[in-house]
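In the two complexes below, chain A is the common chain; its partner is chain B in one and chain C in the other.
Coming up: the complex of A and B.
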């Protein structure tokens, strides 16, 4: 049992981490809130006074706002759909008995360890380039006209790149979840004559429910703020300007800090809505 | 896992899994292959797979022209430094939460996690401004601190879940034998916790190595790590496929190798214990 002494020692040991994270959270957040109510243009006059909710209204009113929300949702939704569906399929496949399972696992997981700038550039130049890219060769081989991927099918291209990066994550987590499934249950169902489809629909999928939720929530948080993939490919053009990228442009490119900060507050609110769901699941698991 | 299947079924599984695995791995394989080609061979029509004149020239050129070693060193210093610093701060915190839990421990853990959910872009300007004022823009130490703070919640969580698995009775026994808090941590807890600390270290080095928001926005020439170095290939150097591939291969090789060792910890570290 913990004594009074060890309790206060424990509090002391927690202090550095708590204080650091508290500062990391509160200081920039307060500053963002502060700037969001100001007309603040560092390169064109600096601090031009308080403007109330002006920035919040102007950020939403700007013609770039709704397209950026749409781009964000399409990318997040597209990547989630692809990674979850393919992730379940791949996890089921990798769970089967086979030769060289360890090596296949390594091959499948590898993209997750590739830094975002590398994967974006490799895909952009070596696969999606309309002249020298592999896709162009493949299209020509089948007698089709090569596509200029990142301008003509920009969203699909970004979704493909990001899905490739995140599929390993989804697969790995779903595979872990499948492997925790009691195989006797499956065998019993099989003996009772349940078809593979029924076994999947009534046993495996319900068992995966929570893992899928976790994959969706964690990926959503990371996908809402993808940056490098757009930064090195389209730079936000061709309809790929996400909310994150729009805020980045407002703050660092056009140096309209007030406006960008208001956008930042919107992004924080959006992320917190998703985070709230994730925290509830994680919290429940802590009790168990 | 002792399911018995027919050899045909197993052969089919094997073929299907290998096909999918190779397809997913292909972009990486292609990058590695291309890095050994000459520029002309790299854009040859039709594409060359294995039968070309293998050369190491690109690696030499990349190093010579762009001073690759400096970026590599920045990456190592930033990823390693931020992780070590984070672990130093996190060990006492995780220790106290795992062994001296109070009724607020759960709330504190969840709150720490919630700071990780904050979108970086929301605080981009404040951090940028603080960096300018403190004169640490484009310095390694600035990035070490920011990435440490970014990953601190994950580090605390991972360590917490590992520490939780150490039986508390052993610590109590040590305490009964008169070990001080310092001795308890140093001689009892640490040896048992080393595997967990090592996996935490590994995963967080990977995360910091690949971090590509702060490293792109807070560095310029001096402190730029490999993420920013590769981004500079965006144009027009990116058209030199063989050199781009050599640079990319060098940037990802160390972490691919580390990553393969850490695949088991990956699930635990990134789902915060929600999937086991």
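Coming up: the complex of A and C.
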């Protein structure tokens, strides 16, 4: 099949896609790097020339930097923990034969189809509003003082909203993994005297290892850059300013493109550090 | 000890009755084979004994204790599955240790039993490997090892050789038979392959549509099949069945004659026909004879040296003392 001729033809035909993707990645990256070495204030004089590493030093010296890194990692870690644990539990439940299985499965996936902005607004106004929200009513019903979620428990609220969005994704992938488990293995374990808990711990969970790895890696990529949920709820206040949100504030609220670009480069570095750690911890599950 | 008794056991899936009321006793130390065509309920029967399926009615007794409602792990039975069902993320050692670990047997005893099983099954060099790195035969042996270390009252095998190639199958067949000789434990073995049944069993149970057609030793079944189904199922190549005037001569609706009980030649003979296909196995040759006027094809088993070709006219002489007679209902007519 793969003769010299067909191989060069294949390269030729792949070339447009590769060039497009490369351009798509390289142009913004180059521009970010370019601006990060400039003092560029669009509303206050525009391009004010090269400043070397000034932006980088200012960004990291800012009192907001380390808290934002911490907030980012807390949100990513919290959402990952919740979605993986509940995802495994839900997948186990949905794997059981039950009446109306098809409908239930679609309902479970539904949150994933809701746009982040919309779901965050729904949570903010319908559930978490301290006066009219459903939670407030629930609290009042039990005679408790309603919590103003987004200011008193801002971090937990955002983790809750984002987890709700990503739980279907985790559930779906873990459910397909559970369904691919050979039922004879479970029966063998049952014959071997393993209790349901032992069967879960020794057979099902190791079988899910690879799927969990996929969930963790993919979710991390997307969670490092969550923005809409913060933008429409807390606007980065109450300790919910992530690195992404900090960059947004530097560029659009402070109108400092150079400083924001330097932050963008830090965000790339942070993403790579997290990715390297993850690959170390869970990547071995993907081999063999 | 491992005497297993099934008393009027039935099994239904919804409205479909898979096993109609069935009685069967498997004596301690016996190698019993359930054999039958696919879908005859033999695997279901094994799973009922194992406890992986619940009986719809009736009673299962193991060593005269009622085990009908006992969970699988407490029945003291070990099962070897068709897919082997090894735990892919555990090493061979951990696979074999798993049932002992679940039973809370102490480490030293675990290791002693693992070493003994590994030695008996030629797995000593593979203990640290994962199942994925083993060949089919080795995986099969790991599955057997995992069953042995539990020291069960009986072993249950669910078509354990059907995923192996022909050469390995013959080897494993021998190994399982040897294992039975050594352990003297009750074994129940499910297969659709009558050769496995004939070669390994002390007792064969022939099943069709959940019914027991006949129970007996391999040679009993071979010499005195109770009906047409058993006669056709046991023995290879299949028994020839002849109806019509030829059967009337023997006062039977159908007569059966095994291919090995017919002599092929060119001289005088009661039957004659034309060779269609001849299958040479080296030791034996199977001739498929057409145009006999008796049945569509008569199969004859002859010595490997006999060399008739396609189209040759031959005569056939049956051994009249081993002709099986059956009535219109397909039941055997006693001699």
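One rule holds in what follows: the second predicted complex is superposed on the first by the 267 of 288 C-alpha atoms of A that agree within 3 Å, B and C clash if a C-alpha of one lies under 4 Å from a C-alpha of the other, contacts with A are read in each partner's own complex, and residues count from 1 in each chain.
As a working rule, a residue touches a chain if its C-beta (ideal position, glycine included) is under 8 Å from a C-beta of that chain, and two chains touch if they have at least 3 such contacts.
For clarity, every value in this text was computed on a predicted model and none was experimentally measured.
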Consider chain A as the common anchor and indicate whether chain B and chain C clash or fit when overlaid. fit
Contacts for A:251 in the overlay, against chain B (first) and chain C (second): which applies, first, second, both or neither? first
Based on the superposed arrangement, let me know which partner A:193 touches: chain B (first), chain C (second), both, or neither? second
Should A:125 be classified as contacting the first partner (chain B), the second (chain C), both, or neither? first
Which superposed partner A:73 touches (first chain B, second chain C, both, neither): neither
Is A:7 touching the first partner chain B, the second partner chain C, both, or neither of them? first
Nearest 10 degrees is fine: what angle do the Cα centroids of chain B and chain C make about that of chain A? 80
Superposition-derived comparison: chain B or chain C, residues of chain A touched: B
Aligned on chain A, what is the least Cα gap between chain B and chain C? Give it in whole Å. 7
Overlap the chain B and chain C contact sets on chain A and report the shared residues. 187
Looking at the complex, which residues from chain B come into contact with chain A? 1, 3, 5, 10, 13-14, 16-18, 20-22, 24-25, 27-28, 30-31, 34, 43, 45-47, 89-90, 92-93, 95-97, 99-100, 102, 106, 108-110, 112-115, 117-130, 149, 152-153, 156, 181, 206, 209-210, 212-213, 216-217, 226-228, 230-231, 233-234, 238-239, 241, 244-245, 248, 251-252, 255-256, 258-260, 263, 266-267, 270-276
Complex contact set, residues of chain C against chain A: 50-52, 71-74, 77-79, 81-83, 85-90, 98-99, 102-103, 132, 146, 150
Which of the residues in chain A end up touching chain B in this complex? 2, 6-7, 9-11, 13-14, 16-18, 20-21, 24-25, 27-29, 31-32, 35, 90, 93-94, 96-101, 103-119, 121-127, 132, 134, 137, 141, 164, 167-169, 172-173, 176-177, 179-180, 183, 187, 210-211, 214, 218, 221, 224-225, 227-228, 231-232, 244, 247-248, 251-252, 257, 260-261, 264-265, 267-268, 270-272, 274-275, 278-279, 281-283, 285-287
Touching chain C in the complex, chain A uses residues 182, 184-185, 187-195, 198, 202-203, 206-207, 209, 288
